[in-house]
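Shared between the two complexes below is chain A, which has chain B as its partner in the first and chain C in the second.
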Partner chain A sequence: MDGEIFEIAVFTTAAALAATVVMLPPGIALAWVLARHRFRGKAVVETLASLPLVMPPVATGLLLLWLVGRRGPVGHLLEPLGIEIVFTPAAVVLAMAIMGLPLLVRTARAGFEQVTRRYEQMAETLGARPWRVFTTVTLPLASRNILAGALLGFTRALGEFGATIVVAGSIPGRTRTLTVGIYTYTETGQDARAAALLVVSVALAFGAVLVANRLAHVD
Partner chain B sequence: MPTVAQDDVPRFELRFSLTQGAFTVATDVDVAARAVALFGPSGSGKTSILEAIAGLRTPQHGRIVVRGRVLYDTDTRTHVPVRDRHVGYVPQDVLLFPHLDVRRNITYAQGRRAHVNVPDLDQLLGITTLMDRKVVGLSGGERQRVALARALYSGPDVLLLDEPLAAVDLARRRLILDALIAIRDELRVPLVYVTHSPEEARAVADYAVVLDEGKVVAAGKPRDVLP
Partner chain C sequence: MVQWVTGVAVVLALAVAPAQRQQVLVSAAASLADVMATLARRYEMQTGVRVVVNTGASNTLARQITAGAAVDLFVSADEAQMDAVRAEVVSGTRVPLLSNQLVVAVAADRPRRMRSVRDLLDPSYRRIAIGDPAAVPAGVYTKAYLEKLGIWREVSKKVVPSASVRVALATVENGATEAAIVYRTDLATTRRAMMAFAVPLPDGPRIVYPAAVIATGHNRAGATRLLAWLQGDQAMKVFVNAGFIRGR
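Up next is the complex of A and B:
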């Protein structure tokens, strides 16, 4: 494996891991709110949370580009702080996290819905405050789903292409991921490198599915 | 309902009505007793009363006082949150936390109001050898004893027990019954005991409330009111 291929494999895995870490807190919070609360506009929130799943990834990428671009509603707030996102590794992580989030939210939500409210009530009778109930009862009882959701999000992040190429580009050694690399190498006739990345992709996917199946069967 | 007053005996005031859908439970009990049995057939509202005391259900009207502490009163808009009620609730399905081992189940509440002598309690309930077991493999009787320990470790003002012997095989019932009597007399934790067995009610309680279809149909000394 030449250095560039190795670098791309490591960068992609690291970025997907970072994206998973980034999506976990909002993903868990959103999943819990959707599982346990009724409020006005819930249908809108539910739909928004699923949107990246059904929207063309390139369109999501374009939306992100506009949001975090220098003149965008988020980007212009970050610029004075010296934070730039577009065409940086942060853009890769952002695109991956946004694309993985719906999978995490859906899976974790199902987990929270399965947690019997009465376990939480027992914890309350034992004097636990809401945060303690959540961290010691709700979260552990939903943990398998959360883990499965995180893994799904991670694999989605590994395979992310459309949004990444729009918002992060294909800068060698900076924002080039596996999928973007395969595309770029194929476009420029570097078939051997594209094939090498393909092998890496298969290996990573294989490992992820293996772990996922383990999680699903272990008691 | 008759009011029995004795100085050192804990007083319970359960006067409320609780409607859920088409079902209404109404009680009018004001009594000093070490153990109150709520007796009646399934669906007579026994569990609803326990859950109202624990704060898991909210009566539309009325007042709940346990050992002089007002837990709920619609007149003064008192509604003590579940976590501050200091009740040890053991539901019929015990609901031990499945992801924690016995020890961590039992000590879940510890640090709150630990005034119970813990080694004595472990001995009393015969759970010292169960500590490192997983909850999943426990028998009905073991689960019940662990659930009792978990409730008692929190140092409750009252123990709320829902059919504690229902899932326990006959041979072990006496063991748990004796433990409950010891809890009542030695640890001095009063009991509210839901059962549909007159024998159990007689063995444990010094006051019995007979319920049918959500209404109190009789209340008084177990030997006077139980079949």
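Up next is the complex of A and C:
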């Protein structure tokens, strides 16, 4: 495995891990809200949260590009601060996190729905505040699902292509991920390198899915 | 927990920090990825200026530019995508950097020569792969050329439209099609396919890779110097070795 292949493998794994870390807080919050609350427009929020799962990734990428591009609603707020997202590793992480989020939310939500409400009520009668109930009772009881969801989000992030290439491009040593690398090497006829990346991505995905399945099935 | 969050924040801040000024960001068509990487290294050694190369399909690159991405130099695989970013091009900097040529590729283990593209009408060619004429520039060129010869309607019955020229070439390499119409440069990278016919330059479509300095970039002077260097003899030699033709 030559240096460039190794570098791409490490970068992709690190970016997917960062994406998982980034998606956890909003993912858990959203899953909990969807599992426990009824409110006006809930169906809309539910649908929005699943959208990246069903939309063509390139379309999600185009939407992100528009949002964080220098002329977009978010991008033009960041420009005066000297922050650019497009073509940076941050763009890779962003694309991966958006694409992985729905898987995390769906899996974690099922976990919250399975938590027996009586345990939480017992904690409350013992005087625990809502945040304490959440962190010491709800979260631990749902942790297996959250972990499985995070792993699924991580695997989705590893395999992300469409949104990444649009918003982060394919810059060697900066934004080139496994899938984007496979595409670029194939387009330039460097089949041996593409094949090496392919083997790496199969191995990574295999390992991650294996662990995710174990977490989801063992009671 | 707090430390950890700060750590992540610092990493993210570093990642999005504005790029160094002494570098030129080039967005180049995917077909140029390999040759541009070589040239970027050489330019960097000679001048100390860092050249960062971003590659992708030309229409994706064009979209990134219209969204305001800080690209200094754009090398497109077709004129249409350069036209699409016309508003962002620094006036007077657009040049026809490179040309390419359409060729008919066949599998190397079943070599054959063609006297004319009309030979494709022969029943021994059952399927012919070309880039999707609705989207892929190579397919657009191929269709226009075959229409000019008056054989598109007949040939189109055997055409397998592909997502890219590379995919078209791969179908020939693995025997799924008898021929593919691809660029000359695509054949430079494979031993499993060979050229059965090269469309003579004067008859064929004018295939141009235009290059231009982009106004939204951070380093206009650097991009202008790099573009001049890319047109020089030393860089052209590298392009020609990869199968390209000097742009006209």
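In this section, the second predicted complex is superposed on the first by the 214 of 219 C-alpha atoms of A that agree within 3 Å, B and C clash if a C-alpha of one lies under 4 Å from a C-alpha of the other, contacts with A are read in each partner's own complex, and residues count from 1 in each chain.
Please note the rule applied: a contact is a pair of C-beta atoms (placed from the backbone, for glycine too) under 8 Å apart; a residue touches a chain by one contact, two chains touch by 3 or more.
Since this is a predicted model, take the numbers as computed values, not measurements.
Undergrad: Which term applies to chain B and chain C once both are placed on chain A by superposition, clash or fit?
TA: Overlaying the two complexes on chain A (C-alpha atoms) leaves chain C and chain B fitting together cleanly.
Undergrad: Between chain B (first) and chain C (second), which does A:172 come into contact with in this model arrangement: first, second, both, or neither?
TA: After superposing on A, A:172 lies in contact with chain C but is clear of chain B.
Undergrad: What is the value, to the nearest 10 degrees, of the angle subtended at the Cα centroid of chain A by the Cα centroids of chain B and chain C?
TA: 170
Undergrad: Contact-wise, after the overlay, does A:129 reach chain B, chain C, both or neither (first, second, both, neither)?
TA: First partner only.
Undergrad: Touching A:86 in the superposition: chain B (first), chain C (second), both, neither?
TA: It touches chain C, and chain B stays clear.
Undergrad: Looking at chain A, does chain B or chain C touch a larger number of its residues?
TA: If we count touched residues of chain A for both partners, the winner is C.
Undergrad: Is A:214 touching the first partner chain B, the second partner chain C, both, or neither of them?
TA: In the superposition, A:214 contacts neither chain B nor chain C.
Undergrad: Kindly classify A:37 by the partners it touches after superposition: chain B alone (first), chain C alone (second), both, or neither?
TA: A:37 sits against neither chain B nor chain C.
Undergrad: Closest pair of CA atoms, one in chain B and one in chain C, after superposing: how far apart in Å?
TA: In the combined three-chain model, chain B comes within 22 Å of chain C at the C-alpha level.
Undergrad: Share the list of chain A residues that count as touching for chain B in one structure and for chain C in the other.
TA: Touching chain B in the first complex and chain C in the second, no residue of chain A appears in both lists.
Undergrad: Flag every residue of chain A that touches chain C in the complex, lowest number first.
TA: Against chain C, chain A makes touches at 18, 21-22, 62, 65-66, 69-72, 75, 82-90, 93, 165-166, 169-172, 174-175, 183-184, 186-190.
Undergrad: Would you mind writing out the residues of chain C in touch with chain A in their complex?
TA: Touch list, chain C to chain A: 8, 11-12, 15-19, 25, 27, 30-31, 33-34, 37, 52-56, 60-61, 63-64, 67-70, 164, 166, 186, 188-190, 216.
Undergrad: Of all residues in chain A, which touch chain B in the complex?
TA: It is residues 116, 118-119, 121-129, 136-137, 140-141, 143 of chain A that touch chain B.
Undergrad: Give every residue of chain B touching chain A within the complex, in rising order.
TA: So the residues of chain B in touch with chain A come to 54-56, 81-89, 91, 95, 97-99, 108-109, 112-113, 150-151, 154.
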